[in-house]
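So, here's a batch of structures to check.
Two complexes follow with chain A in common, the first pairing it with chain B and the second with chain C.
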Partner chain A sequence: LAPWVPVVGLEIHAQISSNSKLFSGSQVQFAAPPNSLVSFFDASLPGTLPVLNRRCVEAAVMTGLALNCSINKKSLFDRKHYFYADLPAGYQITQQRVPVAVNGSLSYSLCIDNKMSQMVTKTVRIKQIQLEQDSGKSLHDDTRSQTLVDLNRAGVGLMEVVMEPDMCCGEEAAAAVRELQLILQTLGSSQAVMAEGQLRVDANVSVHHPGEPYGVRTEVKNINSIRFLAKAIDYEIQRQIEELESGGTILNETRAFDSKLGCTVPMRDKEGKQDYRFMPEPNLPPLILYDAKSLPANMNHQQVINIDWIHERLPDLPSVKRKKLVEQYGILPEHSFTLLNEDGLAEFFESVVKQTQMKPKKVIGWILKDLLSYLKQHSLTVKESPVSSFLLADLLNLLEKKEISSTAAKQVLAELWKGEGKTPLEIVKEQKLELLQDQKELEQICQAVIDGHKNE
Partner chain B sequence: QKVSVEVLEHLERLALVDFRDAEGVERLQKAIQFADQLHEVNTDGVEPMDSVLEDRCLYLREDDVTEGNCTKELLENAREKVEEYFVAPPGNIPLPKLEEQETFLQGS
Partner chain C sequence: AMLRASLRQVSAALKEGRVTPTELCQRCLALIKSTKFLNAYITVAEETALKQAEESEERYKRGQPLGILDGIPIAVKDNFSTAGIETTCASNMLKGYISPYNATVVQKLLDQGAVLLGKTNLDEFAMGSGSTDGVFGPVRNPWSYSKQYKEKSVPKSHSEDEESNWVITGGSSGGSAAAVSSFTCFAALGSDTGGSTRNPAAHCGVVGLKPTYGLISRHGLIPLVNSMDVPGILTRCVDDAAVLLGSLAGHDPKDSTTIQDGFKPFELPNLTDVSKLSVGIPKEYHAPGLSSEILALWSKAADLFKNAGAKVVEVSLPHTPYSIVCYHVLCAAEVASNMARFDGLEYGHRSDMKDSTESMYAATRREGFNDVVRGRILSGNYFLLKQNYEKYFVKAQKVRRLIANDFVKVFRSGVDILLTPTTLSDAAPYTEFIQEDNRTRSAQDDILTQAANMAGLPAINVPTALSERGLPVGLQFIGRSFQEKQLLTVAKWFEKQVQFPVIQLEEVKRHDADVFQHQKSASFS
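And now, the complex of A and B:
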């Protein structure tokens, strides 16, 4: 049987982290009373007009720069038409013709063979990043045959990140999305929490034989976590291969991932091929961005977005942070990945290193093996850790000064974990864990033991 | 050049309009003919214009919360509501399949 080449592309919608919506002044907030965060424009009442939120543009520019894109100094807004109850206007304002950023790339790392020690770097091309409106939320009530609509989310700013189909499996897609999530969180342009719908991923999957043209692709939606993303993609690849090998065909359709069953199913309510009748948004002139060279002299600076100014103020991206951690502390690259993968762990590690004489290469073991496994066992975040960096550093100092053994240190940590407010020194004294340093005292003990057994 | 039946049916489904009778279709044909006159203008080397506002400055608003909190007013427009939610039919009501539909176009 000829080998199959799976092709995976991703469309990612990231909710912009801003106080108000993309084109109106209503608040952006998760979980509020239904229809309480809705302005007349969001409800599409006649006579209302869109007014662009500056912060949303900055978020898109930051993200574009972080993903190595070319920023379009002139981008345009369009209307994408379709009918659905949670889209009151009957169209979504998006950027179909000329989006704000194009032609970027995202580098991510994978472990080969599940061993953390062998990591390989891959790149996925970013086709474009566009600004667009989110829709409201539909709650389907099948028993009463109705849909309840909450427009709180309608009009919230989104960045759609379109990735080229450069990936080949669930693992690659998951790693790419994880890295994108970390980048967005570092920039602050999106909090990118998938569970709260701030990061939504749709996967386009197809398979073909090497040398032959790409196969028919399906779109997989309703994926709620990075873990499910990998599962959904791998399932769909398998499904398509099995279907084709048994003589069937793949339909160009939209499928939903059912997390309970672990499979993809055709989505209802998706009528054939949609004609979105794209047209320019007549109420919004082109979005013009400037750089240091093109900065206009006489404009109110609140009305000017300077790409270079934003570029200069970009924070260190995860890849740079990892490199710095490895260089500064002599830890392994895979350690730096784990440190950045847990929110607050890198800061915790650095804080401990500052407060202890123990070498960072030794400290990292305590952070990644002891502290992290405790946190994972009890489902706690670093912020919720009952053991502070101060206490851990204190403990490691005792170990470093050889006042206790490494086994004793683990015992003390277990005690500290209870969060009873005792210091490491207090616990050591309580449990008599001190290492004896006095030569004479040691000799006396050994002699006593030998004497005690003389008679045997 | 007449507009084909396929295109007319496609338009009816997209825009949810109903051409209703021969006069309606004729009016559509005349509208298209009228618009086709635009092709007589030579636009070589001319960038298409989106709107008369395209040279205006796009105003950028500060990211402040200034609107919202008018649930009661918004729901006044709703024919049906359930606990501050708008009520809509369950998903899009699919248009009847073309074979089942009795449109004027099929009779023509």
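And now, the complex of A and C:
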């Protein structure tokens, strides 16, 4: 059987973290009462006009720079038309002709064969990043044959990040999205929490034989977590292969991932190809961005966005942070991945290192094995840990000074998890876990044992 | 004589206490009632207007009027959003729609103490050149009932009366033009996308100003073509238009297409010497169908400038013949887009059809829109289809650039201002006008006004003379971008030269005759 080459591309919508929406002043807030965050513009009242939110543009520029994109100094807004209950104006304002950022790349890492010790770095090209409006939400109430529309989300700013089909499987896609998520959270341009709909991923999947042209692709939607992303993609790849090997064809269709059944199914709503009748948005002039060179002297700097200024103030990206952790503390690269993967863990680690004499290379084991596994077992975040960095450092100091054995240390840690407020030293004393250092005392104990067994 | 005074004159009278805001408001409301047959108003906001007048009166009593517009009755075209007052766009789609906010221009007027009498009639969604295609019926040109027209009109048979002889106002801001023309208000807001302020101004014998695109905020103006729409100003004289312009122009953060630079209101100088002026006569504006009457008047006007010492030159705007077709493509495309929001869900008319969302949309839009609107939506969507976009929309945008460049070239060659006719003929009788469909009429009537919208330039209609039928004919001046001061200065000079006659309306005479004895306004004759 000829081998199959799966091809995976991604369209990611990240909700911009901002106080107000992309083109209107209404607030952005998760889970507010229905239709309580809707301005006249969001409701598409006739006569209302869009006004661009500066913060949203800055978020897109930051993200573009972090993804090594070229920032277009002039970008344009367009209208994309279709009728749907959650799209009050009958069109979405987006950037179809010239988006704000293009031609970037994202590097991400994978473990080979599930071995953390063997990591490989891959790159996916970023085709573009465009600013666009989010739609509202519609809830279908089939029993009463009605649709309930909530416009709170209508008009919230989105960055659509398009990743070229450079990935080959669910694992790669998941790793790429995970890295993107970390970058967005580091920048603060999006909180990127998938469960809250702040990060939505659609996958484009196709398969072909090596040397042949790409196959027909399907679009997979309705993926609610990174884990499901990998599952959905791998399922779809398998489905396509089986379909083609049994003589069938792949339809260029949109499919939804059913997380309960673990498979993709055709989506009822999408019939045929839509012509969106793109048209320039006449109420928004072209978006002009400046850099240090092109910035006019007498320009009011409140009125303009300076790309270089933003570049200078970008925080350390995850890849840089990891490198620094490895260099500074001598830990392994895969350790740095785990540290950054868990919100607050890297800070916890560094805090412990500061407060203990134990070498970071040893501390890391306690963090990644003992602390992290406990947290995972009890579904706790680092913030919720009953053992603070202070307490853990305290314990590690006892171990380092050889006042207790490592077995005893684990026992103490188990006790500390209970969060009863006792210090490590108190627990050691309570449970008599001290290591005996006194030679004479040790001899006496041994002698007593031997004496106890004289008769044997 | 108070009702027939200019805005500046009546403002002075208010200041001097010769008339009070409530008296003025009541007179206007009474005149609106007795001229109801004109059908100029869709909504008369009697209660709120009187309240505004009372508040104005309080301010005058305290000696603290807000400015020249305080207490002045004005009317607003029914496609501007007015909080608490119905905004219908003369369409079933928005019957009963009450906006929760004021358009910026409305807010500005109210903030300066103006008294909002009501919303005026128009073609549905401002699509038309007759003000005949709205759901509330056509607007009648007040000149139909003027002594001047009646004297000249020859009834076709004995049984014919003025009922069937009345002429249209032009459009689409016909209600506003009629309101100003019949003295029920001292100024009115219209809108101008292809000539919709200047056209009815010409037919109704009033001043109609189309400002430069981007000078006055469109926030709250229900759009026809976002890239061409401007709020229009209709007044009795050019000085009044300058006053309105001064109170409305300037950057609006709510409208991203308004200019950033500060705008300084100006007083119009009394130009006496035109020898430094260069007036261009674009030869392409001698359009097919231009009546010999208007051609003669245009020529006479050119001579007027020449004899006064101005330089008058023939110029060419070679792409003028293409502007109508180009306009129709761009207008239809934007209409298709702008009307997409009318789906019956959030506001406005919603059909009873419940079979599915799609069928509800379709029924709502069929019930809510007239043929004209639906026709433009269908053609607009056609032009925007992926396979047609380059051929129609992009092509039209390119032609638009050429049209705008024509003007740039001419203004760069030393010409200060262009003089053209505003309309092809005087106002047609209604029965004759409706013989042709809306699209045909628009194509004919927009031809002289529409290029200024394509290029975003300021233009003004100045009433010039009466036609043989006793109806108003106006001429148009087109100026450089943002050079309204120069445009209006020249227009004012011209207005003074031609001394356009006052309309002789029976109803107005009756209302105005009831004048306070101590009012001997020597300044007005």
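We adopt the following convention: the second predicted complex is superposed on the first by the 456 of 456 C-alpha atoms of A that agree within 3 Å, B and C clash if a C-alpha of one lies under 4 Å from a C-alpha of the other, contacts with A are read in each partner's own complex, and residues count from 1 in each chain.
Basically, a contact is a pair of C-beta atoms (placed from the backbone, for glycine too) under 8 Å apart; a residue touches a chain by one contact, two chains touch by 3 or more.
Quantities reported herein were computed from a predicted structural model and do not represent experimental measurements.
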Practice item. Once the structures are superposed on A, label A:V57 by its partner contacts, choosing first (chain B), second (chain C), both or neither. Key: first
Practice item. Could you figure out whether chain B or chain C reaches more residues of chain A? Key: B
Review point. Now for A:G188: first (chain B), second (chain C), both, or neither, which partner does it touch?
Key: neither
Review point. So, A:P286: does it touch chain B (first), chain C (second), both, or neither?
Key: first
Exercise for review: Determine, under the contact definition given at the top, whether A:P266 touches first (chain B), second (chain C), both, or neither.
Suggested key: neither
Point to revise | Which superposed partner A:A89 touches (first chain B, second chain C, both, neither) | key: second
Review point. When the two structures are overlaid on chain A, which partner does A:L37 contact: first (chain B), second (chain C), both, or neither?
Key: first
Check your understanding: Looking at the overlay, what does A:R277 touch: chain B (first), chain C (second), both, or neither?
Key -> both
**Study point:** chain B versus chain C as contact partner of A:G47, first or second or both or neither
**Key:** second
Check your understanding: Which partner does A:G419 contact after superposing on A: first (chain B), second (chain C), both, neither?
Key -> neither
**Study point:** Doubly contacted chain A residues - partners chain C and chain B
**Key:** 40, 43, 45, 51-52, 83, 85, 145, 147, 149, 275, 277, 282-285, 303
Study note, to complete from the structure: As the complex stands, chain A meets chain C at residues 40, 43-52, 79, 81, 83, 85, 88-91, 145, 147, 149, 275, 277-279, 282-285, 303
Point to revise | Touch list for chain A against partner chain B, complex | key: 18-20, 24-27, 33-41, 43, 45, 51-57, 76, 83-85, 138-142, 145-151, 268-269, 271, 275, 277, 280, 282-288, 302-303, 305
Review point. What residues on chain C touch chain A, complex-wise?
Key: 80-81, 87, 89, 94, 99-101, 103, 218-223, 225-227, 253-257, 260, 333-334, 336-337, 339-343, 345-347, 354, 357-358, 361, 381, 384-386, 389, 393
Review point. Across the complex, what residues on chain B touch chain A?
Key: 10, 14, 16, 50-51, 53-71, 74-75, 77, 82-92, 94
